[in-house]
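There are two complexes below, and they share subunit A, which is joined by subunit B in the first and by subunit C in the second.
And then the complex of A and B:
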């Protein structure tokens, strides 16, 4: 049957190639993968075996340390040791865990930190919801408005005139943002549109439409101002702030301030005006060439001399200022790298269209430059988050400071490994998540550039 | 009308903001004025604050007696030496840990970076996770971990650990003890021989390269170079009767004497800094090697170059162009990060000068200024070298 050549309608022999043989069984599938990636020659096999042995050894040692010897129920370190010889005292970490997160913040007031964190999450989450409009306003307000609300929630105490006016603004803003998001998702129209329509201004001119919005904002502000006039939170001094909470506050302020100040400094460094350029170069080079710890020491020892009499910075404020200065200088260099990578033709084309300096930068150059530098910018953020641990050297109780404090607790004296491991894990998870997200963002935003 | 206005000799106030010719000058004057006012008011405040505290800003205190001991220094420091000597001790200690960390971190980084590119999946994954774990935890935490976790809980001198089972490498809770060479009279001839050997090898290689360029004949200079650089000094060393005495550490009483030692805190700083920065160096090496396009390898093969020649003459020179600039900034970071040694009490510049001396003498401005001056000098020197290197290896484009 197979010997008979196939012929078409005219009787010509049709060439019919034999079906191809399957690849040799040991070059495909799992076996093929193993052969090529793990046992490809003598050296590779040897390396695989050594690597495997090392991995198993490390894993077993860790398993033994963390789980076999782990003690989860104990009142103090002595009990940890009694049960099993040199038991790994996870009970101490459990006992101190809320201190790692909140520092020495009073137990009764911890809900304020949780609530502020929840508010921040709610405030930022709409940025990832596609149907929501006015995202730039929401994002900017999360950076510019939220800190005042959070600042009051963390500090508490009697509100002075400024805070008395600002706190209701932040509350109204948050509620309006939430209402806007819900309306956007449900109806497709934002809060502003709804207010204009419901007040009957929908068929008036656009110029008139701002009046109902302003009126609504003013009424809401007055209502809240009146409603919370007697409401105060218990004051919690910054000396009781600590743990992951303090780390987040310091690095959060540093990160939020670094990008705008870094952009300004980078533009200044590339400016054509000599005085501005020299000042920016001086600032950037000064703060980039010295270690953060010297800037922190400078902040704690020299700020009291610099400031006019009567104005006293506490340690936390000094540290935050130092971190912001440091972060700005580093971010400026990152942004400058991005600016330099934009071809000159982009500047020239934008100028040829008739855009002024700020429009060239804001609409054409910076969006491209920042997109290009996303991995480096996030790398900067991660670095800043890690560098925040240095404030423990000048005596603030950030996450690392709290971890060190465990070993001074008489109950858990000398407990080092377990708390340090816990802190390392927390830092690793946060930084690893940030770097993975930046890689995702890079792929997503770079989709247009790939072929 | 419009023309008349434009050519008018006296520009209005609006021209300061709207006319490109005056705007730049105007903005610069405003910014300069603001910065000048800021600095001026800071200086005034500082003067006032110093007066109220009954202090004066001057460097006279540098020659006063420091009066405190420093736990570790290779210099001959005594508590009754001056603050200026303390500054110098701090600089030397900082430079020692920086230089050792730089060398070891770079070597380890190259090794891990090459492992990351291994075709063996398991090895590449192990190297990748090594890098991820180390880069995503703070250096300060790692230093504390090595110190509290490993080096601070070492046994007492009586039950010291002998590394590799060798009697003369001793590790205990007082530090790491190792032999120290004591030079005799004629020892100075050996370094001189080494210098002569280096110069001669350099000259010989240069000559053979010139000959290769003019005649096309390649001759290996490996053995001649090795002979000049290693053989000559060894020969001189042996000929002068091996004038080096190794002082071996030995247990006397409760502690080890002889040889030299480094503190447990220094061991932990070194190990932590080397391991942490090696992860960064590994990433740079990997990125550098991957930045050389595969077409270069194929082109070299099609020209008939052997694989190891391809690596040496084509891949590595191009990869170095991408590796060296970030590597030098990493070295700069190592110098800066060595200041974290203060957290576990190693007496580096920040610890002895910016903490102890500052707390004792109270001269904040001078001391902060001097410490920053040192770090700025190092940074600017390194980045100056980097700029020279960059301009030399830059692609020669038309």
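And then the complex of A and C:
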């Protein structure tokens, strides 16, 4: 380095600061982080070591249980024990695994569940593709239209007049959505634009532009209706549904219905109209103050007693209705909490610019409130997903029910740790994914707060 | 407010109750035939009686009764919808017409036979509560269990029977109560209690799942009577007879030596008049039941006789069995000193 001061053109000495020293090596990088976070003083060091020892101990115990003692190939539980006194019998889980996923659904028909799952993924995926337009329509139809298609695929059988009309609608809708997405990605214009353009209605008025769309939809519907008139799927009764599939159906419907019905109930509870308010409060308080298991028992045990003899309600349907009502009551209070967090000024300002009740709520209040409520809403969903295991108590074979059935099979009698562990793992993966997604949503929707 | 709500709900219930019209104008057999399959109620899985298998099908001795009735009516053992129902609602589900019959470890008692509008048809398994102890404990009789801790399931008659037994014999047994069979068994295995009590069939099933089944023994005493059998609704005599005589057909077939394998040959070439009558070769025995002439033939053809069913699901020879010895038990045929007995087919 130079001791000679630098001078500028006028011969004045220019101040030039020394480059700063690097931080001491033991405060940066991995070592610094370790020192600061784990070995910061005697107690911290001690706690770290004890924690580490406990962690290693638990890990080794688990490793020993799951892998060292693990038996992967056996025909029954006694075989699992040959040579190893308390062998961990993963072979039983392997044998039963498709039951955990599909329940008692016939092997030959399992493709229907897989296909419906694929359709749902394809239907939802465009929501994350940036160039796609009309995302709200796609999202809403995934919730409102897809269930009819899935319902028929799962249940099968002869279509009654309603289903005969609706199933082609859902099929046309799905194909149109896919075509729309592909066109959007490739050309930047959606399906509607293309149809209008190709039929030569592009330069007509907006009103006239509707006609080719309606005509195309009607023609497609009629074609599909005609094409599948003799096509039916084998009927699979709901008493054969089970496993993760049933858990997903129950909690999926519960989750999809909870938010809209929760919003309606929450708005009703804050309404100025006394009858609506009293009804909403009554509903919410009734269902919130009763445990879910009681509601399930009421729906499947007590309710049939009030029905005329011989009239039998489907057990799964009553369970789903019970779960939906329960979830709606809880969601209503979550939403109300969010609504109350919005300052009064927002309502007043919205009214001041001349918006009516629904526009105030839909455009100003709810978008802000829902964003605030994401952690709570997702927390509710995760809770609901796990609560559905209660249906195993009323004799439905959801994931937990199926897992419990293993230990009663004479070939695998008493085997219950391994299946329960497997179910726990599945639940963890599903709930963790939901939780991570909610954090992503929060970051995305909360971008405005960080500016 | 509460009173109003209560009044409203009672009123609603009464209105709906009044609206209930008797829906059983037609007989159960007609309903079942029209539907094309039998609705047979079983319980939540119980090894040997009705349990799920890894391929998703139901198996077990009570399941076989359902299949036998379906075979008698439809000549198809798979024309059954199995309704797996929890124990709390079993009688309701049969009484309200959801199930056509019930075939699930249900003990025949005076109360159940007379006050529920339901009726027991026949006994297909004689169970009874017993005790299991580790062999090296050196206990040979339940009367030696003085002061012992005994593992038992909560909320069942098993628990009540245990206290009764303890009190009437001054044994001061300490019950250790569990909700879950697997947890109970593990506690017993790890030495958490000196003995475990349950119906003997359940003990045998548990024992079969132990790492070393040979080192445990089921004590000879039976402290309760549990005759188990299928039930139907009261008031449809023909249906009652169908279920009752299907069970008898299984038993009688074993007594006459008719098996799944030889039934066709027996029907073609009846060795005795009774075999001929039973398999519908001679006589008009089927008329009262409203079934096909060959109904008993169909039953044995599709599900086997009583002994074959027992061997498959209860015995220790088959992979689906839970290993309960039949010889010397009440479930042996009456000709071999047991209680399994069928009235004659004539």
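Methods note: the second predicted complex is superposed on the first by the 420 of 451 C-alpha atoms of A that agree within 3 Å, B and C clash if a C-alpha of one lies under 4 Å from a C-alpha of the other, contacts with A are read in each partner's own complex, and residues count from 1 in each chain.
Just so it is clear, contacts are C-beta pairs under 8 Å (C-beta built on N, C-alpha and C of every residue); 3 or more make two chains touch, one makes a residue touch a chain.
Treat the numbers as computed from the prediction; the structure is a model and nothing was measured.
S.K.: Mind checking the superposed model to see whether subunit B and subunit C fit together on subunit A or clash?
M.R.: Aligned on subunit A, subunit C clashes with subunit B.
S.K.: Pick one for A:289: touches subunit B only (first), subunit C only (second), both, or neither.
M.R.: first
S.K.: For A:393, decide between first (touching subunit B), second (touching subunit C), both and neither.
M.R.: Both partners.
S.K.: If we overlay the two complexes on their shared chain A, which of subunit B and subunit C does A:307 touch? Say first, second, both or neither.
M.R.: Both subunit B and subunit C are touched by A:307.
S.K.: If we overlay the two complexes on their shared chain A, which of subunit B and subunit C does A:162 touch? Say first, second, both or neither.
M.R.: Neither partner.
S.K.: Looking at A:99 after the superposition, I want to know if it touches subunit B, subunit C, both of them or none. Which is it: first, second, both, neither?
M.R.: second
S.K.: Tell me which partner A:231 touches in the superposition: subunit B (first), subunit C (second), both or neither.
M.R.: neither
S.K.: I'd like to know which partner A:274 touches here: subunit B for first, subunit C for second, both or neither.
M.R.: After superposing on A, A:274 lies in contact with subunit B but is clear of subunit C.
S.K.: Just checking: does A:416 make contact with subunit B only, subunit C only, both, or neither of them? Give me first, second, both or neither.
M.R.: Both: A:416 reaches subunit B and subunit C.
S.K.: Which of 6-14, 42-50, 96-104 or 204-212 in subunit C clashes with subunit B after superposition?
M.R.: In the superposed model, subunit C runs into subunit B at 6-14.
S.K.: What is the shared patch of subunit A, the residues that subunit B and subunit C both contact?
M.R.: Of subunit A, residues 301, 304-309, 393, 404, 407, 416 contact subunit B in one complex and subunit C in the other.
S.K.: Over in the complex, which subunit A residues touch subunit C? Could you list them?
M.R.: On the subunit A side, the touching residues are 75-77, 81, 85-86, 95-96, 99, 103-107, 237, 239-240, 300-301, 304-312, 393-395, 397, 402, 404-405, 407-416.
S.K.: Quick check: in the complex, which residue numbers of subunit B touch subunit A?
M.R.: Where subunit B meets subunit A, its residues are 24, 27-28, 31-32, 35, 41-42, 45-46, 48-50, 52, 118-123, 126, 132-133, 135-142, 144-145, 148-149, 332, 336-337, 339-340, 342-343, 350, 354-355, 358, 364-365, 368, 371-372, 375-376, 378-380.
S.K.: Within their complex, state which residues of subunit C touch subunit A.
M.R.: 12-13, 16-17, 19-24, 44-48, 51-57, 81-86, 88-89, 92, 96-98, 181-182, 185, 205-206, 208-211, 313, 319-322
S.K.: Under the touch definition given earlier, write down the residues of subunit A that touch subunit B in their complex.
M.R.: Within the complex, subunit A contacts subunit B at residues 37-38, 40, 44, 47-48, 51-52, 54-55, 272-276, 279, 285-286, 288-294, 297-298, 301-302, 304-309, 382, 386-387, 389-390, 392-393, 400, 404, 407, 416-417, 420, 423-424, 427-428, 431-432, 435.
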